[in-house]
Each structure stands twice: as structure tokens, then as C-alpha cells.
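Next come two complexes, and both contain subunit A; in the first it sits with subunit B, in the second with subunit C.
Our next item is the complex of A and B:
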């Protein structure tokens, strides 16, 4: 199995990253704080006022280590990446299929199967594990609606019908999302999805995890030679990583949603770690952001059996394996795209 | 060329897709090569021994680097390739060495009749005679290599025993060949 490589998240404002031999050197106020071998890294994510020397960027590009720059709050700014790897014929095939309505719908159907099945699995798992603490009836009811949506994903349905089913499933899931909280329920009440800006604490957590996930999925796609911009479920819109968003769908419930909920339920984040601004936007303080990054990193190290490949791998490697499987479908080696199904 | 002979898919993953996954075998091989290539050139008993010599053949469209080429006092080249491990049953290593010989012939204008393979594990040296048959197979392999790279298509995996020693197994995923439709159908069972 390929190695799962860590991501370096730098949140210290004013930090400067430089290349020191085969290492990344993190310097803060003229003081060397950290030295990490580049070969153990899968990516670097810089938050806010963090700068990198051109030599480090070049070295990262050469070694396939993607570097992303985000604002301090986690909004995506830019990404530095080496020469596009992989086969141009593979990307051409990606574009051809994205242009073909039937082929796009076939991909969308597989992607939605993963998304809806994983949302459902999250609801059922909580209903089972916290029978006494949650409204298990409501969760099971919503899970049933998701099952119904999932079973209606027949081959040959056009994209707009599939989108309708997706919308229905999304409503069913988020309607009961608040029931997934077993602790700090008042402080973290979920009142519907809100983004840009997130208007409550749980949305603030979710949005942040989605940014981290997007970075990971995007790197995975780039490393197998796919174009993260050209999607199937998410159609082209300039500046939007369509395929990365597509592939994220199946990971959101498992990696982001569940992690956000467990941080709240286990009291690893506290209401006072969030600030409400004048415009109603909610943002995390630095300590909370750090705790959240550590939790995300740890979660990705957990081993899991890949349901299609039937091999054990850390959760953090799953986006890469899914990117490979997606490329497999494009090449015609597989009769469809097998999404990551979490159980 | 040895990649192609090992597995056409592996060859395409490396040379068409530019995927390169280092595993223990390739890492050790690389380190061993770097050691040999470091050496430069020296003269021993009238023979000049050159390491890391760049080679090419316009006729076969090949280029690469020879581990070691020994030049006799009269200038006749004699290629020596270092291999980790032991001699293989198949003649991949001989074909690879013969390709070096064909390059040397084209570059020096001299006939190269023999060369040697040196196996690290057994510390044995196997002399190789570049006969007509080996030359023909080497040329065929070069032609197939060009076809593969020009087609730009990566062949589907053909899982076999060699996948176990393949450095690209984690990129190739030789096991992922089952039908997807039943897998999708099962997503909402239970």
C-alpha cells in the first residue's frame, strides 16, 4: 500500500518556511521552530500571514507536495503545484465524458450513491450507538428516506433528475443533523447549512473541515493526473474545483461531519472557542483552530478497510484511492466508479 | 525496456503516466546504481573503466546510461550492468544489456560482441554473448516500447505472480477488477 503522508498545517502568523537541505524549516521571529523532512510530507497548508521561500516551493513542486495558501479563517487563496503529472489522454477522456450528458449522468449516479449511502450510515451509526441520548426514531426515519432516495438512483436517469434526488436526500439529512448532537446542544444548535459566512458554531466547524478536505481531494486528483476543475455533478464554473467537489461528497459525512460532531459531543471544542462578529459570522479562535487541525490529522491516520479494494488503509489515503478508481473508470478498466462506502 | 518485459502496464504507468512509486526493491537498486555511477573513470591494467556513461541509439530511438563500460586497450567497448538480486529465468537483463551494446556500436562504430551482468546478491558475473537471436529480440522490444509510448494508452492490469514484486502495485491496483454495478446496488441493503 502507498504510504499515507502527513500534511503540515502552519497557523502561526508571521511564520516563514524555507528549504534546509531535504527539510522544511519553520522560522518564527528569526527563531528556528521546526524542521521536518520533506519526504514524509504529502502537502503543506499555510493559514494567513505565512510565507514560503521560492526554493522551498520549487522543491515541493518537484516532489509532488502541494502547497495551499488560505486566509487565517480558512478561505482558499491560492495553490502552488508542480508540472501537471499523468497522461494527457486521461484528461482528454475526462473532458470528453464531462461533455457527454449520458456519461456525466452515469458518473453523477455513482458519486451520489456514495454521498447518500454515507450520510445514511452516519445517521444509522449515531442512532445505534447513542440510542438513549438522541432521538433515534427521527434519525432512523431520515435514514429510511435516504434509503429510498438511494434506491431510486437508477442507471440511465438524466442529470437533472439525479440532482432532484440529491436535493431531497440533502434535506432529509440536514433536517435531522441537529439530533446528532448529544452534548452542548444549546451552544452548537444547527439551524440549517450556512456558509460564507457560517452563521453558527457547527457551520463554522463544517466549513473549516470542508476546506481541509478540498485540499486533500484536490491533491489526490492532481497526483493521479486528473483535472480537479472539470466535474460531473458540479458543472464548470470558473475558479471552482468541480471534480474535487464531486469526489468530496462521499467523504464529507464520514470525515468532516462526523468529526465536527464528535469534537462537540466529546467536549473537545467549547462554545467559548468561537466568536460572533458584528455581521453574525462565527469564527474560531486560534486555539480551537489548532485543536481542530490536530483532530483532523489524527482522524486521517485511522485505519479502515476499503470496501471495494478490500484492503486496509488509513482514512487519509482514501481520497487518493478514490482518485485512482475514478481514473480507472475513465480508462474503461471498470464499468463504473465505485465510491467509498463507509459502514 | 526491462519494465516493458516485466509488465507492459508497469511500463506504461512509468513512461506514459509518469507515475513512479519507490518501494524497497527500487530504492535499494537506486542506491546501488548511484554508488556505481559516482565512480567516474579509471584505468586498470590497460583498460579504461567508465561509469555512468550516457548512451543513445538514433536507429532504435533509445537513450539511457550504462552502469559501467570497460574499454579494452584497443578501444573495444564491453558493457557491464550491475543488478541487485540474482539472475532471472527470463532474459530481461540480457535484452537490456544488449540494448546498451547496440547503442555502443552505433556511437563508437565498433562491433560489441560481449558484455557482462553482475548480480549483487550472488556476487556472480554472467558473460553475455550478443548473438543474432538476442539482437533481434532486443530490436523487437525497442519497437514495442515505442508503440506503447506513442499509443499513449495504458494497458489494463493482468494480475499475476509478478504483481507481488511490482513497485507500482499501489498505483496499478491489480486487484480492482470486479464489476461496479453490484457494488453500487448493495450500498442500500441491510
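Our next item is the complex of A and C:
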């Protein structure tokens, strides 16, 4: 099985990344801070004012290491991609299916099944583990609504209807999301999704994790030779990685939402680690951002059993495995795409 | 897998110093320097074959010595560090 490769996050402003032999060299103010062999890396994510030498970028492209540039606050800016590789037949098949409404709807249905089931699992898990601290009744009620949404995902439904069900499921989930907090409830009150900019601390955390997750899922798709831009549930729009967003849906509750919640519930992030700006936007400060990145990396190293392949792997490898299964479905080796179901 | 590479290169002449430099460079491409002539490399079998071949090509077996210690993939339990210059865990979170 593929080895789980690490991701390097550079948040130090003014850092310069260069190629040194087969290594990535991180230099800050003329001083060599870190030298990492490129073999162990799967991606590099640069925040804010971080520059990269062209030779390093070329070397990364050659070795299949994805490099993303984000603003200091974590908004996605750009990504460096090497020569297009992978199987052209596979990609063509992907385009063909994305053009076919029935096939897209079938894919979207599988993706939504995964998303709804995982949202539901997150709610039920909290309701079970923290019966005494949370409003378990409300959580179970919402889980029931999600079950209902999941049941209505019949084969043959057109995309519009599927999207309607997705919206409904999303509402049911985020309506009770605030109940999942067991600690620091006042400071981290959640009253609905807000983004660009996030208007409260929880939204700030969620948005940040979604960007990180998108980077990982995108790299996974590219490494199996799929085009991350051509999605099924998310239709084509310039600059939007549609398929990456599609595949992300099933990972959001597990890798991002639950992690954001546990950071708050365990007090690993504090309310004072966030700043509120004049326009109401909430931003993390540098220390919080670093703590959050470390937590994300640690989470990805936890092992779990893949529900479909029945093999143990780090959580960070799951997007790769799902991308692989997606490619197998496109190739016709599988009759449907088996979504990632978290238990 | 985790391989510890340590070397001793005779550096009395210019040729020896050249070998030392080139061996160190090969190790640096694949691993992390933890002490002056000790490197920790996390490599897969293919990468190890490459690194090993490169090291053997650079060395002079009459005068230098190379030692490889194979610590497998469960190496975390087998390494203990005391004192200055702790090594970075290349498989842990990398945030700088």
C-alpha cells in the first residue's frame, strides 16, 4: 500500500524554500532552519509571504509533491502543478461521465450518501458519549432527519433533486451543530455557517480545515490521475476544483468538523487566540494557527480501518484510497463508487 | 523503513576529503543528519537500494567504513535521544 507522506506547512513569514540536492531547504533570515528529503513529503503548503525557488518547484512537480500557496489567513491563492500525467483514458472517461446527467447523478448520489451518513455518525457519536452534557434529544432528532434524507436518495433521481436533499441535510446538521460543543460554549457559539469572511470562531476553524482538506484531496485525485477540476456534484466553474470538493464532502464531518469541535471541547484552542476585525471577520492568531495545523497533522496519522477495503491505514491516506476507488469506478472495475463511511 | 547510516572516512588526503563530502551529500539527500557522521534515513526499499548503491560507489573500501543499522518501521520505540540537538521527527507534524 502507498506510504502515507507528510505535508510541510510553512507559516513563518519571510521564509524561503530552496532545493538542496534532493532536499527541501527552509531558510529564514539567511539561516537554514530545516532540511527535509523530498521523498518523505506529499505536499507543501505555504502561508503568506513564503517564497519558493523555481528549481524547488520543478523538483516538486517531478516528484509529485503538491505545492499550494495560501494567504496568511489561509485563503487559497494558487497551486503549482507539474506536467499533466496519469492516464488520459481515465480522464476522458471522467469527462464523459461528467457530461452524462444520469452518470453524474449516480456519482453524486454515492457521494451524498457518504456525506449524510458521516454527518449522522458525528451527531450520534456525541449524543452517545456526552449524554449528560449536551442536548442529546436535539442531536438524535437531527440524526433522524438525516436518516430520512439518506433514505430518499433513490437511484435515478436527477441532480437538482439530489442537491435539494443535500441542502436539507446540511440544514439539519448545522442547526444542531452548536449542541456538539461541550466546553467554552459562550465564546464559540455557532449560529450557522458563515464564510468569506467567517463571522465567528467556529466558522473560522471550519473554513481553515476545509482549505487544508481541499489541498489534501486534490493531491490525492491528481496522484491517481483524475482531473480535480471536473466534478459531478459540483459542476464546472473556472478555478474551482469540482471533483476535489465532491470527494471532500464525505471527509468534512470526520476530518474537519470533529477536529474543530474537539480542539474547542478539549480547550486546545482558546477564545483569546482569535481576533475580531472591524468588518466582523474572525481571524486566528499565529500561535493558534500553528496549534491547529499540528492537530490536523496528528489527526491524519491516527490509524483506522478502511470500511470498504478492510485494511488499516492512517486517516490521512483515506482520501488517496477514496480517489483510487473513484478511479476504479470510472474504469468500470466497480459498479458504483463506495463512499467513505465513518463509524 | 528506518535505516541508520554511519561512516568513517579517511580524510588524510584531498581525495579522502572529497569522498567524505560526497558520502555526506548522498546521506543528506535521503535522510537527516543527527550527528557528524550519523544519518537517519526513512526510505522505502527502492530508495534504500539507490542510496546504498550510491554510497558504495563513493566509498573506498580499502580505507573507509560504512555501517547500516536497520531499525524497521517500528523504530520509534528503538531510538532514544539524550542531550543537545534533538532530531526532528520527520513523520510527525511539520509546521514551521
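Basically, the second predicted complex is superposed on the first by the 343 of 343 C-alpha atoms of A that agree within 3 Å, B and C clash if a C-alpha of one lies under 4 Å from a C-alpha of the other, contacts with A are read in each partner's own complex, and residues count from 1 in each chain.
One rule holds in what follows: a residue touches a chain if its C-beta (ideal position, glycine included) is under 8 Å from a C-beta of that chain, and two chains touch if they have at least 3 such contacts.
Please read these numbers as outputs of a predicted model, since none were measured by experiment.
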* Classify the contacts of A:120 with the two partner chains as first (subunit B alone), second (subunit C alone), both, or neither. => first
* Look at A:294 in the shared chain and tell me whether it touches subunit B only, subunit C only, both, or neither; answer first, second, both or neither. => second
* To do: Tell me which partner A:34 touches in the superposition: subunit B (first), subunit C (second), both or neither.
  => second
* Considering only touches as defined above, state whether A:235 meets subunit B (first), subunit C (second), both or neither. => neither
* **Partner chain(s) touched by A:7 [first = subunit B, second = subunit C, both, neither]** => second
* **Touching partner for A:128 - first (subunit B), second (subunit C), both, neither** => neither
* Kindly classify A:275 by the partners it touches after superposition: subunit B alone (first), subunit C alone (second), both, or neither? => neither
* **Comparing the two partners subunit B and subunit C, which touches a greater set of residues in subunit A** => B
* Partner chain(s) touched by A:195 [first = subunit B, second = subunit C, both, neither] -> neither
* Partner subunit C, residues of subunit A touching it in the complex -> 3, 6-12, 15, 20-23, 26, 28, 33-37, 39-40, 290, 293-294, 296-298, 301
* Asked: Which of the residues in subunit B come into contact with subunit A in the complex?
  -> 16-19, 21, 152-154, 156-157, 170-171, 173, 175-181, 183-184, 187-188
* Structure fact -> Residue positions on subunit A within touch of subunit B in the complex are 1-2, 85-90, 109-110, 113-114, 117, 120, 147, 150-151, 153, 155, 224-225, 307-311, 321, 324-325, 328-329, 331, 333-339, 341
* Asked: In the complex of these two chains, what residues of subunit C are touching subunit A?
  -> 25, 28-33, 41-44, 47, 88, 90-96
